[in-house]
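Letters A, B and C mark the chains as written, and numbering starts fresh at 1 in each.
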Amino acid sequence: MTTAVTASRRISTNADRVGLGAMLVAAVCLIALGARWVSGPAASVLLLVLALVLIGVLVLALRGGPEARRLLAPYGLLKPGMLWLALFFLAPVWSLLRISLSTKPSRFSVDYNFTWAFENYSNAFKDFGTQFQHAFVYAAIATVLTVLIGYPLAYVIAFRGGRYKNILLGMVVIPFFTSYLIRTIAWSTILADRGFVVRTFDAVGLVQVLEWLHIMDNGKLLNTPAAVIGGLTYNFLPFMLLPIYVSLEKIDTNLVDAAGDLYSSAARAFRKVVLPLSVPGVFAGTLLTFIPAAGDFVNAQFLGNPNTTMIGNSIQDQFLKQNNYPVASAMSAVLMFSIASLVLIYTKIFGTEDLA
Amino acid sequence: MGESANPKNVIELDHISKTYGDFVAVHDANFSIATGEFFAMLGPSGCGKTTTLKMIAGFEQPTSGRVMLDGVDVSSVPPYKRNVNTVFQQYALFPHMTVFDNVAFGPRSKKIDEKKIRTSVMEMLEIVRLSDFAARKPTQLSGGQQQRVALARALVNYPSALLLDEPLAALDLKLREAMQIELKRIQREVGISFIFVTHDQGEALTMSDRIAVMSQGHVEQIGTPEEIYRTPSSLFVAGFIGSANLLPGTVESRDGDYLVVRLRVGAIVRASATGTAFSVGDKVSVMLRPERIKPAATVEVQGRGIEGLLTDLVFQGATARLIVRLDDGTEMTCLADSSATMPQIALGRRIAITWDSDCGFVLNGWPDKAGANTTDIDHIESTL
Amino acid sequence: MNDRPMSRNMTRRQFLARSGALGAVGISLPALLAACGGSDSAGGAASTTVSFDNWPLYIDPTEDSALGTVDRFAEATGITMNYTEGYNDNNEYFAKIQPLLGNGKTIEADIIAPTFWMAGRLISLGWAEKLPLADIPNMANITDGFVNPPWDPTGEYSMPWQAGMAGIAYNIDVTGRELNSVEELFNPEFKGKIGMLTEMRDTIGLIAMGLGIDPSTIASFDDAAPAFEKLAKAKADGQIRQFTGNDYTDDLVSGNFAACIGWSGDVLQLGKDSPNIRFVIPEEGGTRWADVMMLPKGVKNSANAAKWMNFCFDPVQAALITQYVQYLSPVKGVREELAKINPELADNQLLFPDDATSARLRAFATLTEDVEAKFDEEFSAITGA
């Protein structure tokens, strides 16, 4: 770094340019390495460039005096996050999009030829339309159910929990210390045809009712759409409950008293005060539930039947069993973008900018 | 009180008590508040004043006794059906609503015509001088403005009584003093009974028509600020309201309206007494307000003074504060006109403290600590 | 095929089947690491180790002071075997080794255990190493049917490990009667209570036989199309409850499945603890399959691997394995050896099918790459996952 000495005079004014520039160069290097734009000796060169840029900025900061350090510090602090994002998000997304537009020269080839193969996308839609539909419908229903179950539960814990609050929250959360898979598989035992639940329903004559409601099918509770939705609801409940709980917990109970004092019945006080103030929690919970639920494959695999498969199952199958990376990538990309646009629309409609 | 409700009384508390398990929060509170009255409930924290307020508002139900509002027993009526409104300590403004919507909340609950609501809300904002802030959110307002929104939100409903829970506690000193005057003005303007809870005796004395002094769940005394200040009913009230020098002694004899008391420090003094009948030999205390006693070179009239060492002299502008240590170590405070100094009165000199015979006031019992309550930090803290 | 356990301890067996399920969703990290961890150190002639990545519960372990095959091998030869159970599904295992072998790198295991059709694929991709046949004199003991089999016509690349049959497994408590036809899988009486295997060759093969199509002669997709159509219709009608791997045994025992396609060895085992579980080679016939031992390209300890194979083809050793896993042994003389230690098993038709039974069994034809691709694609479209 022979330029360091002369540069140190100018960096006070150029710190922003230096910091930002170094970060961008480093990020591009990492994306290039992560997405394998380059390989072999070129990759080593790139690694060297990356190291030199990082060391260079460090040297500049050390020799540039306190003012330069102060100006460069934010970039230094941003760098780990930015570079992490570049290497573990941007680079993979780049690879994913690239593969999704590629074709394999032969079935068991490990290489992909980038051919702008948009037919991967049309195939994804054509062949897996039902699975996309299942994913979004099931996830949407499960999200609504988690609100309906999670909200009252969070409400009771937040406002009526008293000194048992933490115990009650613990009881909600502790089952989720167990592996996701184990919990889901446990449901398949609970809901089995000759299991306790179905036998009980049978004994009290609920089976006919549930069959009429299309929750049970031909005497089965397990391996039905209802079981898949139920599994999703169960598994994502804490992701709904906890944000709602936090937003409810923050509400000053005096506000509820104040509403009562101002002639509001409990119902109106809830509608006008508690509910609006807890909307941010519901909003966050909805995103935390819907997004992973739409991409889930575990519940459909263990609790569903061949007619309830979700897009996650198809992606998994294409990736891990069919070795069809291009179509699997196209499906992932479609899933990613459709969730992103749904979330954007949702945020536009229900987003609450002044209640964080 | 009792069955025959006085139509002049907005609120009547008929022997109400509130207990939580073994803890008695309020014991047998029995008093009434007249229409248009500015009534204070004063006491240290934990004295039961807020609980009493909550029972009036309806947030708490009395364990026994009745709460009468406009002559009707409302003991088991929920808050939203009681025609009283509360200004909460931290105001409890709805953060997601504008000032206008906050104030309109009550009328809207009552499903009043929106046009009328608009008029009355703007009218009330006018009274609290916040018309220009109708569209703001509470977080965009200063503490004093929030306080006035809370007032408007409650008053817009024209309740039978307005309940205020430490309404000024969250404000700084200057603002608090200005708001005291503002509150009085607003109260006169709307003519509604104000019942407010405070631990600040100065605030209570300044604003109230009547004060109920409470301690440990008991109502110690009810009266006008002057009554309570001049003729406290107990050592607690004497010590809690203003500053006082409490000198323990025993009744020596009766002299017309006055009692002759032999102080523990040795002197024999004359002091007035009301209410309680004392007999010779009773343990009593003589209360002397610091501003009612004067420094002098010697005790000129027997029974109207006491001697001691001047240990401290603090110039305070209009007044000067003198600390005098009596022979038994008891410290007394005296507030004197700072312009009327005498050469004899100097630090380290032995001086006299003298008073007119009706200045001393006899109270039943001996205090925990003799002398001036203003020099005892623990005591002062316990009243905050 | 999947794991073929032989443990009387049902809980352990179920636990392992569950672990298989965990692996099935692609989170079996150790196995993945094992598959990826190809080390470059050359084995050398003096190596005393060899590694074998097999299916779960597919060999007799050392228990109750009786030495398992791995330990007996070590005792006899001084070679330490690193025996792992990384196999759960052929396609999945293939997806793991593909990036390595496809890029000319080696994998950790010296011996792998693909099913016959996958062995054929690996051989044709050139990802298998030739066996040092001269070091396996006991290969003379291999049953005739496994010498130069269709998937390895020259017999240079693979040695059989175990073989088995796929037929109909059913829970008589649920069906209420004995089953004897593939058609029963499509009987509306059992709607929503039928299980099918994710193993395409067993499911399509058995349905084909039910339709009178001989799976061993299938050469194009059109040949098998009726079987695919029948399966697709059954799935759309809700006849099929689930497509499963080896975990069909749980659903069968619990009664979630009335009937399903199953593997002989599993059901033989289940039958001991659950007498209501039955297995039948349907009247239309069943399918036959085999899992084999192969050396992946670039194998390091091929000499030791040959010693292991030679050891396993000794009828005495093979009989001990068979006694545990209860599948069909590809080794001559096992029945005689087994008669000495477990006469009951030696007479079991499902271990030693007679000629009449064998005549009703068919192995799925070896498909060309394009045809196989079409089959897999169509099958995956039906199973939906």
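Some points to look at:
Methods note: a residue touches a chain if its C-beta (ideal position, glycine included) is under 8 Å from a C-beta of that chain, and two chains touch if they have at least 3 such contacts.
Per UniProt, the chains are B = Spermidine/putrescine import ATP-binding protein PotA; C = ABC transporter substrate-binding protein.
A quick note: this is a predicted structure, and the numbers were derived from the prediction, not measured.
Remark: the per-chain Cα centre closest to the mean position of all protein Cα atoms belongs to A. Summed over C-beta pairs in contact, the chain pair with the top total is A-C. Centroid distances built from C-alpha atoms place B farthest away from chain A. Note: centroid distance chain A to chain B, computed from Cα atoms, is 58 Å.
Between chain B and chain C the centroid-to-centroid distance comes to 90 Å (mean Cα coordinates, whole Å). Put simply, the C-alpha centre of chain A and that of chain C have 38 angstrom between them. Residues 252, 254-255, 257-265, 268-269, 272-273, 276-277, 354-355 of chain A touch chain B in their complex.
Listing the residues of chain A that touch chain C in their complex gives 106-110, 127, 131, 181, 185, 189, 192-195, 217-220, 222-223, 297-298, 301-302, 304-307, 309, 313-314, 316-323. For chain B in complex with chain A, the residues that touch the partner chain are 57-59, 78-81, 84-86, 88-90, 92-96, 105-106, 109-110, 137, 153-154, 157. Looking at the complex, you find that chain C touches chain A at residues 18, 21-22, 25-27, 89, 91-92, 94-95, 98-99, 102-103, 121, 125, 191-193, 235-236, 238, 240-243, 254-256, 369, 373, 376-377, 380-385.
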